[in-house]
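Take a look at these structures.
Common to both upcoming complexes is chain A, partnered first by chain B, then by chain C.
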Partner chain A sequence: MAALDLRAELDSLVLQLLGDLEELEGKRTVLNARVEEGWLSLAKARYAMGAKSVGPLQYASHMEPQVCLHASEAQEGLQKFKVVRAGVHAPEEVGTREAGLRRRKGPTKTPEPESSEAPQDPLNWFGILVPHSLRQAQASFRDGVLEAKKRKCFLEQVIQCVVSPAAEQEAEDESCLEDWAAAVPAETSAKAI
Partner chain B sequence: MLEGAELYFNVDHGYLEGLVRGCKASLLTQQDYINLVQCETLEDLKIHLQTTDYGNFLANHTNPLTVSKIDTEMRKRLCGEFEYFRNHSLEPLSTFLTYMTCSYMIDNVILLMNGALQKKSVKEILGKCHPLGRFTEMEAVNIAETPSDLFNAILIETPLAPFFQDCMSENALDELNIELLRNKLYKSYLEAFYKFCKNHGDVTAEVMCPILEFEADRRAFIITLNSFGTELSKEDRETLYPTFGKLYPEGLRLLAQAEDFDQMKNVADHYGVYKPLLEAVGGSGGKTLEDVFYEREVQMNVLAFNRQFHYGVFYAYVKLKEQEIRNIVWIAECISQRHRTKINSYIPIL
Partner chain C sequence: MAGRGKLIAVIGDEDTVTGFLLGGIGELNKNRHPNFLVVEKDTTINEIEDTFRSLGSLPGSVVEANPNQCDPPLWDEIDSRQFLNRDDIGIILINQYIAEMVRHALDAHQQSIPAVLEIPSKEHPYDAAKDSILRRARGMFTAEDLR
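After this line comes the complex of A and B, so read on.
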């Protein structure tokens, strides 16, 4: 009986894994769509502004990101991802739905006042009067970053969800199977006799 | 009064007019565009372009072929044709052709200054400058710190010198000021070009003045639209509008006060030409304002060829060729990004 329960639980875990993978695939499609939209909007901006006005000439070789993704190890080996907007002090915590407190970086973070200045909007590399398609491109890529982050969290969640209980289940299952394997020859030999 | 263009034009400019009409006949047709749109890769595109008048212009390029290389080669070809016209021209056509190059010179100056801000090397930027806007003092542009510096030290010998009157200031050149400088230079240039065409009179004025008026109005609309949500103030915006065109002066005053696209549309409703254009923006095809204005520009430039004995054919040919380059680059981008939904958004010319 215990073996049957275990198997049922394994089955439900596998179904859950497949369901989660499907959701992950959906998120990947959304991410790809956003990035493609972004590139197409850039091509439209080149059409409007001239082919050489939107290209590697317009940005410096060293740049400051506007949005950073910080990964940290929480309890049970789960990873937490924080989106930190440069120039803003409170990091947004998105990811595992555990009851985590929103951490606010309070005044204790003042040792680096220069880095708290918000980096320049990359849109300004292309001039002040940029066409609408360039703004759309920026919005698409920004959404893409958030989608990528959500997807990564989800992936971690899926793997952790399945791997640790499954490892336990597998160990239990193996012992059950061994018992069953031991029991079968006993039965058959009993029948034979 | 008999103006006389029909009698005297061909003496000095007949050969070049004949040549430019021949060049115009070699622009891509709708059938060519249909063939290009069906290409799967950029190599296919190159093979199809070989069957047109472009010939083997990409033959020297080894793999991988990029959209940027295609664009550079097409521009070089256009520049070659234009230089031929310029070298064989006599006054006043040579001045007219020099006026045409000023807009590219302004773009190159701004590209060089932006590059200096981003600490790029001059050589890298010089390679990307528009070939039609080349001038000898280009390499020195990046050392200027203020617009007055730029004028006094570098541009005073170039054809851009007369356009600097409104732009002289001691402000350091950051992004906002570079953008203001670009638009003010362009405004002065357009006004000077318009005056030149008007003073020339004759068929040239009849053909070129409406085209340049449309250009001025287009700039006013685009500057207004792009300035929503930026740090450009309304007063600054008004100083960037060229002071001629259908919108001058009442329309420009109203545009300067506009705060969103709908208010801009209300201003355009007063003008029979611009009302349908702005109504076509958005809609099912997802057309942008730039798209509708490019379409109207193509219409006006094609009509310029219906008159003879004027310089407008040269201007119209260069603009139509540029639109063709934009079309091919757009198709190439859609092919290389494998995103074919909007591939038919080019503007057919012939």
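After this line comes the complex of A and C, so read on.
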């Protein structure tokens, strides 16, 4: 009975591993597609702006990340990552709640110190008016970052199954199971006689 | 920095790094420690390996084996450049053809954080047969793929 339970557990782990691998492969395909779209858009932007206008020479001397990962402990010791985008501000609402003209002078508008702390958009490294293809490249790579995060979650589950010491223990258990399985035909042949 | 969350590092060719920096993952702080590395034609394998390494857990590192050969300030700089040594990096994106150059370092990395994701490059499409994690997963079913 213990051997049967062990076999069932092994089967479920293998099925889980295969499912995670399939999901991982799907996420990989999406990530690669996004990255390839981004390269194409970058090439178009380079064609429009000049070969040396889109490259490491334009990187800023000070960069703040706009995307961060926040890790939280999930079940079975897995880490759950959440992508947090910094510097997202709600657009200013101007409209029906203010009847008439807005005041343009006076102390009604308080200064917003948060705007100075918001990370600079990397598009500004390449100029003020950048071609649309460069914005498309940015959007593609931003989606790619999200896909990388999703892929990472499945990758971790696969790593848990493949690399963890538990997998080695189960391999030992499986070898015991194989010995048992080899013994079963001997018993059945003895019964047949 | 701990409250801000973990970063995504990238090691790749010019287009890959530029693209992901456009996506907003880049960090270059006052101490000039970037979370990216642009691999060009003259970039050596040692430099890639030093940047990627280990977050300290890999044995037999050339840099770690001979710390006395480096000046202390330079040693600190090298140590801080190593993505695996930094605890603020959650994911490392690396072009697969670059991963092939430092495959031994990748295979020695067994922790889940930071996760290493291999991505294709413009000139080298993705090959699932070379991915270290998928190779290990395949090794569970095929003895010849098992290291």
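We adopt the following convention: the second predicted complex is superposed on the first by the 117 of 193 C-alpha atoms of A that agree within 3 Å, B and C clash if a C-alpha of one lies under 4 Å from a C-alpha of the other, contacts with A are read in each partner's own complex, and residues count from 1 in each chain.
One rule holds in what follows: a contact is a pair of C-beta atoms (placed from the backbone, for glycine too) under 8 Å apart; a residue touches a chain by one contact, two chains touch by 3 or more.
Fair warning: this is a prediction, and the values are worked out from it, not measured in the lab.
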Touched partner set for A:39, first chain B, second chain C, both or neither: both
Chain B versus chain C as contact partner of A:16, first or second or both or neither: neither
Contacts of A:127 with chain B and chain C, given as first, second, both or neither: first
Partner chain(s) touched by A:60 [first = chain B, second = chain C, both, neither]: both
Partner with the higher number of touched chain A residues, chain C or chain B: C
Partner chain(s) touched by A:52 [first = chain B, second = chain C, both, neither]: first
Touched partner set for A:84, first chain B, second chain C, both or neither: second
Set of chain A residues, in rising order, touched by both chain B and chain C: 36, 39, 43, 55, 59-61
Of all residues in chain A, those that touch chain C in their complex: 17, 21, 25, 28, 31-32, 35-36, 38-39, 42-43, 54-56, 59-71, 79, 81, 84-85, 119, 122-123, 134, 137-138, 140-142, 144-145, 148-149, 151-152, 155-156, 158-163, 167
Footprint of chain A on chain B - complex, ascending: 67-68, 71, 107, 111, 114-115, 118-120, 124-125, 128-130, 175-176, 178-180, 182-183, 222-223, 225-227, 230-232, 288, 290, 326, 329-330, 333-334, 337, 339, 342
Complex contacts: residues of chain C adjacent to chain A: 4-8, 14-30, 34-35, 38, 90-91, 93, 110, 112-113, 115, 117, 119-120, 122, 126, 128, 133-134, 136-137, 139-140
Touching residues (chain side chain A, partner chain B) in the complex: 36, 39-40, 43-44, 46-48, 50-53, 55, 57-61, 124-125, 127-133
